[in-house]
Amino acid sequence: MSGNTLGTLFAVTNFGESHGPAIGCVIDGCPPGMALSEADIQVELDRRRPGTSKYVTQRNEPDVVEILSGVYEGKTTGTPICLLIKNTDQRSKDYGDILNTFRPGHADYSYLQKYGIRDPRGGGRASARLTAPTVAAGAVARKWLKEKFGTTFRGCMTQVGDLAVGFESWEHVPNNPFFAPVADVSALEAYMDELRKGGDSCGARIRVTASGMPVGLGEPLFDKLDADIAFAMMGLNAVKGVEIGAGFASVTQRGSTHGDSLSPEGFKSNNAGGVLGGISTGQDLEVSIAIKPTSSILTPRESIDMAGQPTSVITKGRHDPCVGIRATPIAEALLALVVMEHALRHRAQCGDVVSPMRAINGSA
Amino acid sequence: MSGNTLGTLFAVTNFGESHGPAIGCVIDGCPPGMALSEADIQVELDRRRPGTSKYVTQRNEPDVVEILSGVYEGKTTGTPICLLIKNTDQRSKDYGDILNTFRPGHADYSYLQKYGIRDPRGGGRASARLTAPTVAAGAVARKWLKEKFGTTFRGCMTQVGDLAVGFESWEHVPNNPFFAPVADVSALEAYMDELRKGGDSCGARIRVTASGMPVGLGEPLFDKLDADIAFAMMGLNAVKGVEIGAGFASVTQRGSTHGDSLSPEGFKSNNAGGVLGGISTGQDLEVSIAIKPTSSILTPRESIDMAGQPTSVITKGRHDPCVGIRATPIAEALLALVVMEHALRHRAQCGDVVSPMRAINGSA
Amino acid sequence: MSGNTLGTLFAVTNFGESHGPAIGCVIDGCPPGMALSEADIQVELDRRRPGTSKYVTQRNEPDVVEILSGVYEGKTTGTPICLLIKNTDQRSKDYGDILNTFRPGHADYSYLQKYGIRDPRGGGRASARLTAPTVAAGAVARKWLKEKFGTTFRGCMTQVGDLAVGFESWEHVPNNPFFAPVADVSALEAYMDELRKGGDSCGARIRVTASGMPVGLGEPLFDKLDADIAFAMMGLNAVKGVEIGAGFASVTQRGSTHGDSLSPEGFKSNNAGGVLGGISTGQDLEVSIAIKPTSSILTPRESIDMAGQPTSVITKGRHDPCVGIRATPIAEALLALVVMEHALRHRAQCGDVVSPMRAINGSA
Amino acid sequence: MSGNTLGTLFAVTNFGESHGPAIGCVIDGCPPGMALSEADIQVELDRRRPGTSKYVTQRNEPDVVEILSGVYEGKTTGTPICLLIKNTDQRSKDYGDILNTFRPGHADYSYLQKYGIRDPRGGGRASARLTAPTVAAGAVARKWLKEKFGTTFRGCMTQVGDLAVGFESWEHVPNNPFFAPVADVSALEAYMDELRKGGDSCGARIRVTASGMPVGLGEPLFDKLDADIAFAMMGLNAVKGVEIGAGFASVTQRGSTHGDSLSPEGFKSNNAGGVLGGISTGQDLEVSIAIKPTSSILTPRESIDMAGQPTSVITKGRHDPCVGIRATPIAEALLALVVMEHALRHRAQCGDVVSPMRAINGSA
């Protein structure tokens, strides 16, 4: 109830602080008998890793994952999988001067109010560094879902600040530090350079999808698949908005357009984003998220100190001009974790048996 | 795990189908000793009730709530509160002709795929009728939060289809069937009339807020206050998008603008929407949701039948041209339920004691 | 978290008070597609019903169950099943004179201390009457488990006060009001008559078993099958002790005797009670519970009143001289609910597939 | 749901295997602001530690705990506390010869049936070694409960095999390896020596208590305090029976004796064991558990191999002749964890405020 576990049947309990000795997670509920190695997980951690381009925080962490339990002779045993990532670059001194003030846009104020305690080391528990164990857990979920259903997860940047990023091909995504689906990212580079020079930051919009989705995942009335996706995405650091399918565009759509027609070959559009009534239809899940601008900027901001007196705050240190840049693999991991949870929930109630209608229009 | 309970400490378990004998909910975890009567709940149900204007479904249900348990001599006892609403208007015949097809935009297809069973009576469990118990439970949460913290919840329509609805005053909201914060709703009426004539429907955007928020509610890393708000809102029928604070507008904001400055008098703006790091700051919660167009329309839609053969579907019967019209009191109730849950969670871990910093800038 | 739900995947939320308008439960998670009628449930409620002999409370309640939701055309739909039992015999006047005192052995004192509220009507929420919805929910679980695995549940009285009840045959159990597995219950009748004349009560010991158990149910480290059985049984009104298999007798056993040997034909004894390492072995579950004497007796007891002053208490009204008499069908229901929960949990993580070793020695 | 978390509000997630690189746990929900050091935890781990006498397993593990997160500058922050204990003595070779057989009384058979995987290294996840993180987490709970309410936990051995151990004084308990409350343990030593010589083992009975209990803890109908105690105790390795208060002795008690009388000075006896209606009364919690004989013995046992063929099994290696000897500090820890969970649950629903009746008879 203190909120550090994502999922119930595939439960990922996250622990650690940005500048403590280690961060990590415990996965409880992974099905037994799946081949799993540290390399399977490391590949996703490496996609998320900071320090990989000049546009993201220069914190130099190898982020090497260790499997402490739950795997025997290269296979999951069905018991808890503890994944540990040691913190190696803990330059706490960078944060010393902000101890006595509240940084606008940061969680300093709310954390102190809640717990009466302040851990100033790199944002402590509120740091985006804590998304690393989520990515690691997501890698385990992805592997199982791919082997079981052929489900795969992809994401890309669709907008950064005022700059819309068109979709050319998924193939370009791994070839640039922005996860942009375009061949030429020079405009993006120029945009980032300008922001950095100005000591400012900007927001971003990210798209994540799941393909090869099983039909029937999601538990109405409340634990709908789309509700849990929204929960997972809005819980990601800096996210301020979540859309499924047509999202906010559906406000101006007509019913005659929005509702996706069916044909014997399957659905003819995907305004639903792959979910109807909270249950997956077998179409691709389509999710879009809004990420706010980095709060740690060099531009001076008006604030108060611990005594409630007015002061000015500048956040030095290593910070991304756009936290959204690194969000793509994290959002993919979150989507995978939600789908994994619902795959197990569905199996609990409805069993492994494929429902009788599933073959009708080829969508499953 | 089958998804019919919202919340854990203030747990609302919803049951019933659109055309069964009754719908209702069981609230477990309500603090003892609060005065509670059926009238306290009925007032909110009446705000949500269908049949109150020509723009909403003409189903004529009184929606009278009965308290079956948990209240003794007018006070909550701390034991489960069962709220029952009998279904009185069950015109199942209206739905007979859709039994054999999948209605575009509806949950027919996904429900059948999941459960292998189809309850065609008014959408069965997928019906928006099931929001009535949620509104009833929300009334209980609202009462406790108001008495304990002075927290209040309000909502209004901000857009319907292409028509933006400006904000004039909260006072206008109860005076029109649209929950519009404007004095003159003739443009809205005309818009609705035209839609209805064309046999079509449109989407809407709704804003909900909480004022008088306690500071410190929300449980990071995962069960953040904003994450749970997104979960509750996206789980509401027809919702396709959720924003907190600046929402998707934060994509184009700069860090120097987005991060809300603090002064000795409090925060100077509210791009955060009342949540930082997943924890309430004491500012108003600001939430915006996108609601898709009603799927039940008179315009013929392309679909398939149960045998997978092409067919055309028209949904006759009593349907709102814009389901968003009635969403406001439901969204308020959901927000109240989320805040209630987090109020109890916070108390479990941190106690009733106000944190030492809370008085600093008057925001609590 | 307020403790009125048993189970998570097959979650039974109980509501109501002894003398309110109705009691009942909501079952969430029942697999879809199972034939279910009120008659399937009523048969178990009738076994538990008070007023069926002169040895049990003469409260005359028909305890008729109504299915309010979750069943369509005679089959479960996978949505919540609300079961309602109206209270028809609410002679609250019987309890008027005990309002101002604390009855020894009763929950008056602890409930008041916890909630600051006292519902004196027949024990309110603490009444054994609230086991009726549990029995009703158990009937649903029993039906599914029998159809799916052939699992069946039985129970009998093994001791009442100082009187040991030998085991002759399961066949006798339904033929006497004590659930005693003996042909001749005249000694039991004489024992009860004497107790009643003396205005006193006695305890009892009950045995419950499950046969045809699937192998592999139970979730170590904590949610072991035997741990959950102990939880369910100790939570039953008046239970003070729980044993699995050899139970307390294992204290004086030697390891060379206790550990059940295996042969190609299966286990050769059942000191384990069907559970090893918290996981079912396929042998019969064997559970034994101790039930304390009825607290409501005519013998005067020393106590205090609400002002803390000494007083004497006699509990008039209709009370069993041995609450254990009616416990058998309730304990069976609880055992079925625990097995059901673990059947679904097991399926979530390990799937419907039978594990490869299962056929080895015929125990599954 | 896969059963490796104990508690919900004070949630302890356990991970690791007997012979993996490390074992440990993550505590989520610890109240912030409590002073906590590794020394606070180590003292309890040292009480449990193997290798401290010739009567317990000679595995030589220092069991040094490391706090990886959740504590900053010596105080809990309210975020997850990860406790790590490295495995240093992993003599896996001892277990090589049992890989192909099922040891009577062990979990080999049921684990393999459930997961389809067998980790033969020291019992893998089923090893009693996994109680170490529970003891560590219990130390955190004990500290908070002592500081908040003055609640303390104690335990002792009351029987070993046929040998009843009388109660002389709590003072003797730390002075002998049996946790026996007697000054002279020579009879116990002789008993153990004889067992060991005979290559056999015996069971034990342990008593655990909590003093200084807050009134009002426990959540009926299902999550009763005694139900959760039974759950935690029955889940402990080798436990086959649990009693609260008079336990099985209540079967032969009369109602006139069993129900504890009240006087202005408090309860006059404690047959209830500190719980009425599932809620604590403020009296001492009194719990008794039965522990089966060690399954690993040198006496040959009849069994089958992985092919289902008959074979004989002897368990070599380092094993206690009575696993009950080391159970006392573990049972204390489990009792503390249950009380801690319920203290937080109670606070969630009823707040920190003391109930109005609490001062009446001095029991709180």
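By letter and in written order, the chains are A, B, C and D; residue numbering begins at 1 in each of them.
Just so it is clear, contacts are C-beta pairs under 8 Å (C-beta built on N, C-alpha and C of every residue); 3 or more make two chains touch, one makes a residue touch a chain.
Per UniProt, the chains are A, B, C, D = Chorismate synthase.
Just so it is clear, the model here is predicted, and its values are computed rather than measured.
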Rotation in the CA alignment of subunit A (Chorismate synthase) with subunit B (Chorismate synthase), degrees, nearest 5: 180
Interface residue identity across copies subunit B (Chorismate synthase), subunit C (Chorismate synthase) - same or different by half: same
Subunit C (Chorismate synthase) and subunit D (Chorismate synthase), separation of their C-alpha mean positions in angstrom: 26
Distance between the centres, which are taken as Cα means, of subunit C (Chorismate synthase) and subunit B (Chorismate synthase), whole angstrom: 39
Distance from subunit C (Chorismate synthase) to subunit A (Chorismate synthase) - Cα centre to Cα centre, in angstrom: 45
Subunit C (Chorismate synthase) residues counted as touching two or more neighbouring chains: 1-5, 8-9, 14, 29, 32, 78-79, 114-116, 125, 220, 345, 348-350
Subunit A (Chorismate synthase) - residues contacting subunit D (Chorismate synthase), complex: 1-5, 8-9, 11, 13-17, 20-24, 26, 28-29, 32-33, 66, 68-70, 72, 75-82, 114-117, 119, 121, 124-125
Footprint of subunit D (Chorismate synthase) on subunit B (Chorismate synthase) - complex, ascending: 1, 8-9, 29-32, 78-79, 220, 344-345, 347-353
Subunit C (Chorismate synthase) - residues contacting subunit D (Chorismate synthase), complex: 1-6, 8-9, 14, 102-107, 109-116, 125-126, 130, 159, 161-162, 200-205, 215-224, 226-235, 240-264, 268, 271-273, 275-282, 290-297, 299, 301-304, 306-310, 345-346, 348-350, 355-358, 360-361, 364
